[in-house]
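Next come two complexes, and both contain chain A; in the first it sits with chain B, in the second with chain C.
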Partner chain A sequence: MLELLVSQALNGLVTGMSLVLVAVGLSIIFGMLRIINFAHGVFYALGVYLAYSLTQATGSFFLGLVGSALLTGLLGIVVEAGLLRPLYSEDPHYHLLLLFGLALIFEEGIAIVWGLEGRTTHPPALLQGTVDLGFTKVALYRLFLIAFTAVLVLLIWLFLRTTKYGAILRAGVEWPEMVECLGINIRRLFTAGYGVGVALAAVAGTLMTPLVTIEPLMGNSILVESFVVVVLGGLGNFRGALFGGLFVGLVMNLTAIVSPEFSNTVIFVFMAAFLLLKPEGLFGGKGVV
Partner chain B sequence: MPVEKLARQEEARAGVAAPLQRASAYGVWLLLLAFVLVPFVVPRTMLLAQIVIFALFAIAFDLLFGHTGILSFGHAAYLGVGAYTAALFVTYAPVDSMLLTLAAVLVVSAALAALIGFFSIQLRGIYLAMVTLAFAQVLFFIANQVETLTGGEDGLPFWRPALLGWDMNDNLAFYFFVLAVFAVSFAFLHRLVRTPFGSVLHAIRENEERARMVGYNTQVYKLCCFVISGALSGLAGGLFAMLLRFSYLDLLYWTTSGDVVMMTLIGGMGSLFGPVLGAAFMLTLQDLFSAYWDRWRLIVGVIFILVVLFLKGGIWQGLQLLAGRLGRPQEAESAAVAD
Partner chain C sequence: MLELHGVHTYYGKSHILHGIDLQVAEGEVVTLLGRNGAGKTTTLRSIMGLTPPRRGEVRFCGKALTGMRPYEISRLGLGYVPENRLIFTELTVLENLTIAWRPGHPWTIERVLDTFPGLAARRTHRGRALSGGEQQMLAIARTLVNGPRLILLDEPSEGLAPLIVQAIKALLLELKREGVTLLVAEQNLELCLAVADRHYIIDQGVIRYQGTTQDLRRNRQVQEAFLGV
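And now, the complex of A and B:
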């Protein structure tokens, strides 16, 4: 029983850390552009497929990971500059609608390019095998995933907290007009922010690929789960994404011990409770970091 | 608020698009006449019934979005639950009655809308859209899991109940019944948005703070709006399942929520006629392309994005602009510039 509990908790950390990356991206985009990125799930799926093809072509998982993050980020920049920017003067509903349409187009595009059949991949040779923790054995890849995302999240936090650009970003979220008056091109930074946000989704997706089946609709459930994460943690907040992601990951995997069928329903009960008791989320309205 | 802007543009255009305005006064009757006659011209009753049913779904959605300014991205919940309620009621209830089935559908979907609405209206705007989507996905997950009740991925086949003793298995007869339900619902909504209740909904769309300061309990109005919209969406779901004699999981999936959003936007929101046009447009497109190309939604996505970027009032606004241009070219030019 204890072994099951520990292994499910570890699985929870794996799902959770991946969700943290997705939610941090969602939060960065929301913090800066005040839009909820409905296309986040499809960028996640696109990142997975790009990484899959790059890995097949180059034979290196890590080249695939970096390449797909860069390509997805680039595409995000094009989308923000080309399609979202003309809508900033309009009602925020229109961003959502545009992103939904875009998600539909990308989803169909993925199905056209890569087909509908599911695919599976293996972890890179370097990360195969298991580690004996004494009381239980764990796949090395899962430990790697937890450590890798933890370092990445820490780096993002340090970037926002300690660097000049991080300070500009935080200031831009608080008061964009003032930052522009100081002679900083905040628009360009926001465009970059959208690119980074969707690139994080691509990284999160790529890291999960050896553990799940790849299929064109895989981004949809991630999108909805990340919505729950940001409702729990508070949208646009870094700590909220971290807390919410880990919480949702753990709750889903621990519920699976008792009732595997309802493991992805139970998080919505928490969401409903938060909506009634604390609609702004745990860390809502407390700044970016 | 662009919705507000749209309304103003519509008023400003009232003089411009005179031919269409005059037509729209009789529009309801023209629309009804067209729908009555069309099955004798185009013998595609299944497709036509589907168009009328989704037109009902779209006008129900538009009451929330076009008239109250609430964007629900989870309307699949009501359509799907309406469909499953119909299937289960027909299968298990001891009576064989279409009207009782639809009554059950109305009650269940209204109750569901009250529940989801109650939680959702704690948030506003894009947050609300996000949360409604999440709630609809819960129902999808649940329906997928309780296979004994819903049939899971296999769906739930059933039969068409009789209407007051009349056999409804003939598709043309069922089409006219669907049309009657649609006409009553359309008339109800057409009237509703012109009552003081409707004015409060419009006030909430324009500026919720102001509506509350004037003394309206806007939460109650929004919840009522959710319930009416959800109940009529459920009705559409029940009718659709009875049309196919089948209820299935995809009806609950979020692409269904997306479909109704796209129909309404492409047709033209806030106008009641627009959503009907949008439903007809999208389902005709599906009918034309889906047999040859599985990825036909790509076309819909592109059209939808073009509408969002360039023609926010959809086909209906396009028609008005066109009618204005035909009627009085000079003023239409200036109206187009004012956009």
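And now, the complex of A and C:
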């Protein structure tokens, strides 16, 4: 029983850390641009497919990971600067329509380029095998995923907390006009923020690929789960994304011990409860970091 | 140094400024007086490019600002201390100053902290922990380290206790002695008369009066008509 608990808790951390990356990206974008990025899931899926092809072409999982993050981030920059920016002065419904439309187009694009059939991959050779923890064995890749995302999240936090650009970003979330009046080109900063946000989704997706089946619609469930994460944690907040992501990951995987069918539903019970009792989320309105 | 020629500004369909003409020369302290809703904030926002004029022209140091974004206008040397201060509440006092600092002018962060000992004592505190008066000081300090050639100040005395208003007055006089050029939007006539050389009175988006401190002090009729004094 203990073995099962530990193994499911580790799975929960794996799912959770990946969700944290997705939700941090979603939160950065919401914090800066005040839009809910409905295309976030499809950037996740696109990142997965780009990494898949790059890994096949170069033979290196890590080149695939970095390349896919860069390409997805670049596409995000083009989308923000070219399509979203002209709409900021318009009714917010236009962003939603645009992002929904883009998500559908990219989804179809993925299906046309890579096909509809599901694919599976393996972890890179370096990260195959298991680690013996004494009472249970764990796949090395899962431990790597947890450690890698933890370091990445820590680096993002340090960037926001201790660097001048991090401070400008936090300031821009609060009073964008004021930041601009200090001679800082805030639009460029926002464009970069969107690029980084979707690149994080690509990284999260790529890291999960050896553990799941790749298919064109895989971004949809992630989008829904990451919405649950930000409802629990509070949208636009780093701590909220961290807490919410780990919580959702753990709850889903631990529930699966008792009832696998219920594991995808239980998070919505929590979401409903939060929406009723604490709609701003646990860390809502408490700043960015 | 700063000139407005026939500036018309709208918020959506509502026509707020009806042809504002206004000049500020280098080294001058000029005020823009008026009641709530007279168009003071809109005038400053028009200059900064935050609410660009639909007609007319703003020139700064001989250069037309038409079509420029606020960050470009700021880089030309216009500083803006907005109404409500807009302090970055999640950033510390020092971070508020650090992100605003630009090289190439005498107002270093050290000098500003010397000028504002109250801020120096609270440099590691977050903006949200400051009192209203301290936030106003920080807003001015933040603009100073940005190195502007002219500062637009929007209602620096608004919502502050009389004692703090005295401190703001002393600060503005000190900035004036240092040769800083200021355009101050205010409702507080006493403060304006104490610190400035020339005054404009705006009402319903139109400049109704301009004159020197001496003239405005004597002109009871203008004071009553537009300021309700």
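We adopt the following convention: the second predicted complex is superposed on the first by the 289 of 289 C-alpha atoms of A that agree within 3 Å, B and C clash if a C-alpha of one lies under 4 Å from a C-alpha of the other, contacts with A are read in each partner's own complex, and residues count from 1 in each chain.
Methods note: a residue touches a chain if its C-beta (ideal position, glycine included) is under 8 Å from a C-beta of that chain, and two chains touch if they have at least 3 such contacts.
In this text, all values refer to a predicted model and were calculated from it rather than measured experimentally.
When the shared chain is aligned, chain B comes close enough to touch A:92, but chain C does not.
When the two structures are aligned on the shared chain, A:58 is found in touch with neither chain B nor chain C.
In the superposition on chain A, contact is made by A:174 with chain C only, not with chain B. A simple residue count on chain A separates chain B from chain C, and the partner touching more is B.
Legend: residue contacts after superposition of the two complexes on their common chain; A:268 is shown touching chain B, with no touch to chain C. Within the superposed three-chain model, A:35 lies in touch with chain B and out of touch with chain C [touch as defined at top]. In the superposed pair of complexes, A:102 makes contact with chain B only, with no contact to chain C.
Across the complex, chain A is touched by residues 1-3, 71, 73, 119-120, 122-123, 125-127, 129-131, 133-135, 137-138, 141-142, 145, 254-255, 258, 261-262, 265, 294-295, 297-298, 300-302, 304-305, 308-309, 312 of chain B.
Put simply, chain C touches chain A in their complex at residues 48, 50, 69-71, 74-75, 79-80, 82, 86, 88-91, 95-96, 98-100, 102, 142-143, 146. By the touch criterion given at the top, residues 35-36, 83, 86-87, 90-98, 100-102, 104-105, 108-109, 111-112, 220-221, 224, 227-228, 230-231, 235, 261-262, 264-265, 268, 271-272, 275-276, 279 of chain A touch chain B in their complex. Looking at the complex, you find that chain A touches chain C at residues 164, 167-168, 170-171, 174-175, 177-187, 287-289.
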